[in-house]
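Some structures to go through are shown next.
In what comes next, chain A is part of two complexes: it sits with chain B in the first one and with chain C in the second one.
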Partner chain A sequence: MLNAIVKPAQPSMYRYDEFDSQFVHQRVDQFAGQVARRLSGELTEDQFKPLRLMNGLYLQLHAYMLRIAVPYGTLSSRQMRRLAHIARTYDKDFGHFTTRTNLQFNWIKLVDVPNILRELAEVEMHCIQTSGNCVRNITTDQFAGATDEEIEDPRPLAEILRQWSSLHPEFVFLARKFKIAVGACEKDRAAMLYHDMAVQIVKNEEGRVGYKVMAGGGMGRTPYIAHVMSEFVEREDILAYLEAVLRVYNQDSRRDNIHKQRIKILVNTIGPEEMRRRVAREFEELKRMGTLQLPQDELDRITAYFAAPKFETGLSDAIPDAGPDFANWVQTNVHKHKAPGYAIATITLKTPGQVPGDATADQMDTIADLMDQFSLGEVRVSHEQNLVLPHVRKQDLPAIYAKLKELDFASPNAGLITDIIACPGLDYCDLANARSIPIAQQLAKRFEDLERQHEIGELKIKISGCINACGHHHAGHIGILGVDKKGVEFYQLVLGGSGAEDASIGEIMGPGFGEHEIGDAVERVVDVYLKARRPGERFLDTYRRIGMAPFKDAAYEKEAA
Partner chain B sequence: MTKLIKSGAYAQDGFAPVTDDAPLPDGAVIVSLARFQKEREALLARNTPIGVRLQSHENPELLGADVNHFSLIALEFPKFRDGRAFSWARMLRTRLGFTGEIRAVGDFLYDQVNYQHRVGFDAWEVPDHFTIEMFNQALTEMTNVYQPSADGKKTIRELRADG
Partner chain C sequence: MLTANRLRDGDVLYRKGDGWVLTLAEGDIYPDQASADAALAAATAEVPRNEFVAPYLFEVRDVNGKIVPVKEREIIRAAGPTVHPHTGKQAGQFHA
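Up next is the complex of A and B:
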């Protein structure tokens, strides 16, 4: 499809050695055995459920859904092409990129799953622990390794954590799921403080690099911001420290009420101080035993896989002029890269009218071509359900933009009001109370006018179809929560949340709005902001300054313009 | 009916499980933590092997220094989703230095046996249809491991370093 001769690039990312490869292949065989036992009736659905969940297989409203791990959101072009192939062969020609930076297929047949897993294993992918009450896929900043804001690339640590958490014998039957995010800069693009555990790479006063560890954050029906467990953990101690947190959680968490079994409940019940004390006790013992100490040579070995690509030198650092549409796209979707002449380009999977995060098999293939031709063979998945080309030459941006336009993925809306996070909702999910996707589509269409979007500026709308909050509504500047009232879908507004470094939990405005009222209500809320804002204020800043009342008054004022 | 698997084979169970209100038979017995705490002196004075059965919410540290009086500690899985005993077994082996038998009892799955083995279990009370072949297969489905645990098995990181 592209004119240039494209050589698949070898991206700077982890590559399996013989041990990783054997591990993943044996895991496929193991799961194939579990599927066979289920199909033969030896396993009941109740017994099979936790086993299939540990391998990312859900039973949804209409079919099985298979969730494929994209470790720390990094994909090679070869992997992207394989995902396209799976979409074409085993699903309905599309896949969905999730807020956990995974990819899920919604129309999978149980008998096909072992074959799909084998196809994934061939390209060093798996579904291990993408669901179930265990440590889930490790996520990170989608700009990792490309931004100049970070202390170091967080992905080597994320890979070390991936390996450590894979089939960890002590922690595969936890009280609930356990999500870990890793970051390396002050700017938080990974919603770290909403995770069960977060590790931030920091420098101490002596300039030594180590890790700040936080725990007890989460969304769901009782949202919490994570508490600091330790301001500074030495590099070599990090696995022992994280294992200590997990051990306290596994031992001390409630098991009698599914809604109170996440680590956030434990931390906030016993208090962060007591949690730190319990963790410190386990940590001291683990450190003394020494078996989990992380040797520098292992850290170096893993880090070498992620060594920065050889960036060309002498490139122009200017972005070429290619018309006003292109300039708009650059303004929102292109970010600063650490190497002169390079940029980070966000592909928002949010063209107004489309399903947030969805991509067709053909789109995935074309993106794989773009990755090879323009981004050193690499792409990232972000928790905002977008893709990121991490290493593109500024001179190539017009060509990339033109190609994205053909794909209908060139919306200049990253971070704007139409860059909406939405969970699959009642269209797919059997936990949902209401549909999310049509609301996202409706709002994106309503605010489609680009001039207006730019006038409104940064405004994150996040939509969940139920209290489980997969659409991150607590962390939305404007969050929307779908509820069911006697068989009718209603949508509550939640204002003032943030999933960034200034994390906050949104406040519920009041009774929900009907499917056909929610758009007007959002519009009135946005209008209050536009009238009340001071120069330089984002929606969130204005909300924090003036509070809920004026927004609430306007939202429920049906006559207001 | 259940059978006992130890050292990769079916084994005779030398311990009699005793409920809290039943009289103690001669020989080795397994009692609950509650009964042990209530009748500690009498039980220790019997001079026969003694085992204790801990429920999943009972932290083995509750045994205190008595832990070494036990020949056997049975850890209960009330339902297979309750994974606390994985940490209890590991704690018994590594913190409390318990070298006696750690027995898995209750509702656990074939698919959990390998994890149990790794964290320090060395005996399994299994249903009748659970064969030795199944047991051996459970332990060999995955050749290598990423994490150190109570089994002392070399991790993939150590194997890599060995070259």
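Up next is the complex of A and C:
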């Protein structure tokens, strides 16, 4: 715990009204009854499985896994402390932040789940929309409400979409899961174009704020970049337009082959033009009915929850000098804030050797203290499995850094080669073919030298343990896909992907490398980049300029020798 | 060998005789397909008792006198996550 006495701050985030609270508590009671019926044998596993999945509960290799929703990645310090408590009481003292900005516990007992859900409901949390064929937890830019790059805070719209989709009777049993991201600036920090549907807040030529809607993106075994459905949807029409997209998907998607049931398959089978035509037809019908207009007063009511905090004025806009290690951390992990004297600080859960995205109960508690003392009680979870303190005074950065050092979370590597995304992989996941985490650890240790990391510059490695791509390997500048060859793990390299505003799908290099070969192969690929790059080029830029061949030749060179 | 997960907590189980044990080393090894299929059929018939879920067979081999699963997946299920050696059966963590 920090020495200073800190009153929990009230962050700018949505707070449950009576309806939300009642709804979540009713769901807890309902699921508690279902668990009891399963344990008594009244429900078979086949009957119970869809019910537990609707409540974020999976059966994995070693135990049950509970996935807790963190809507649009925003957590209060009170919620963070409750997660720490659950880790300590019901799990093995740690949790895992995911690429969907959720938190997973890997050692949960079925008999404990009702109590855990009750404890979550007390702090306005739940596991709804974290699994099953529904609209999943909605994600956004982790800098939302803090960056000066955005048109407006995207979280009010994300919250409205959460409410719209949570209980929507038409969308409870979709053909497959449906992932939505919301953004509000040109810079894409939420991998928006890899989503089933993405909404970008934009201004039209007249300066009016509205929404650009994209659909049909996705990862998995058939990756696609989303297509634009509409360049500009008026504010009051957004729910009707998104409902039109979902309705076309729900009506027209295949349901006979699990691998072909995502909206990306529909859009790319009928073509984006035909999809736009069908959506436009549904949209006109919904508009004609006039039942789905988003009232301005409702938008205002939700937006008020996210009102910008009262930032102090008159603060120095300079970052204090606190030594070279601190300066390195500032260089990579501190970003510009919209308020003078403030900054956004990224806590990478990626100190080389750590499990990407893992945090212990004690670490969570200390981060909650940091949130209260330095960031107005708020933290964000990013899809890159990091945490972000969105509103910190620049003068407090040295103190924050010192505390993060104690936590072993002060690695100055945000956006660098050791800031690796990795899914849980075969260490936990029932679907995985190969382990992801040990490969991430191995690579992070190999490239640990900070000077070398800076020499390499921005390079995003993303690792998945199977084709489902929870580790976003298609979107990695260097992606790694774990495969199973007769019970042995192999790793394919995928180059040239991007999950940012310049989104692209990585290209598979060729046959996989063994667990002990993949590190050398990545090193040879990085060496090609360092030799071939032109001034100012990132790895991705060089790859796009020179193509796969030189990287492939180098990667397999030593293997062939 | 035959394995399943326990219903109430998800812990990994191995078939031994007509019951289950918590460690691979204690489980029965079926020398041929017929005996393995018979064990699976017996376990499947017990599924309605709601004590375990999803029984299935997996292959093992003898490595210097030690029985080891052929597939990495079963090696990890038998021991625990390779990245957290303080958790799972490798750390002596068995539920009663």
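Here is the rule we go by: the second predicted complex is superposed on the first by the 558 of 561 C-alpha atoms of A that agree within 3 Å, B and C clash if a C-alpha of one lies under 4 Å from a C-alpha of the other, contacts with A are read in each partner's own complex, and residues count from 1 in each chain.
The definition used in the following text is that contacts are C-beta pairs under 8 Å (C-beta built on N, C-alpha and C of every residue); 3 or more make two chains touch, one makes a residue touch a chain.
Here the structure is a predicted model, which means the values were calculated and not measured.
Asks: Touch test for A:Ile347: chain B only (first), chain C only (second), both, or neither?
Replies: After superposition on chain A, A:Ile347 lies in contact with neither partner.
Asks: Could you look at A:Ala87 and tell me whether it touches chain B, chain C, both or neither (first, second, both, neither)?
Replies: Neither partner.
Asks: Once the structures are superposed on A, label A:Glu45 by its partner contacts, choosing first (chain B), second (chain C), both or neither.
Replies: second
Asks: With the two structures laid over each other on chain A, which partner does A:Met289 touch: chain B (first), chain C (second), both, or neither?
Replies: In the superposition, A:Met289 contacts chain B only.
Asks: Kindly classify A:His62 by the partners it touches after superposition: chain B alone (first), chain C alone (second), both, or neither?
Replies: The second partner, chain C, only.
Asks: Considering the complex alone, what residue numbers of chain B touch chain A?
Replies: 56-57, 59, 80-84, 86-88, 90-91, 94-95, 109, 111-112, 114-116, 118-119, 141-149, 156-157, 159-161
Asks: Would you pull the chain A residues touching chain B in the complex into a rising list?
Replies: 17, 19-20, 22-23, 26-27, 29-30, 33-34, 47, 50-51, 133, 163-164, 166-175, 247, 250-251, 255, 285, 289, 291-292, 295, 297-298, 301
Asks: Can you check the complex and tell me which residues of chain C touch chain A?
Replies: Against chain A, the touching part of chain C is residues 5, 7-12, 47-50, 53-54, 70-73, 76-77, 80-84, 86-88, 93, 95.
Asks: Sort out for me which residues of chain A touch chain C in the complex.
Replies: 38-41, 44-45, 59-64, 92, 94, 106-111, 355, 426-428, 432, 434-435, 437-438, 441, 484, 487-489
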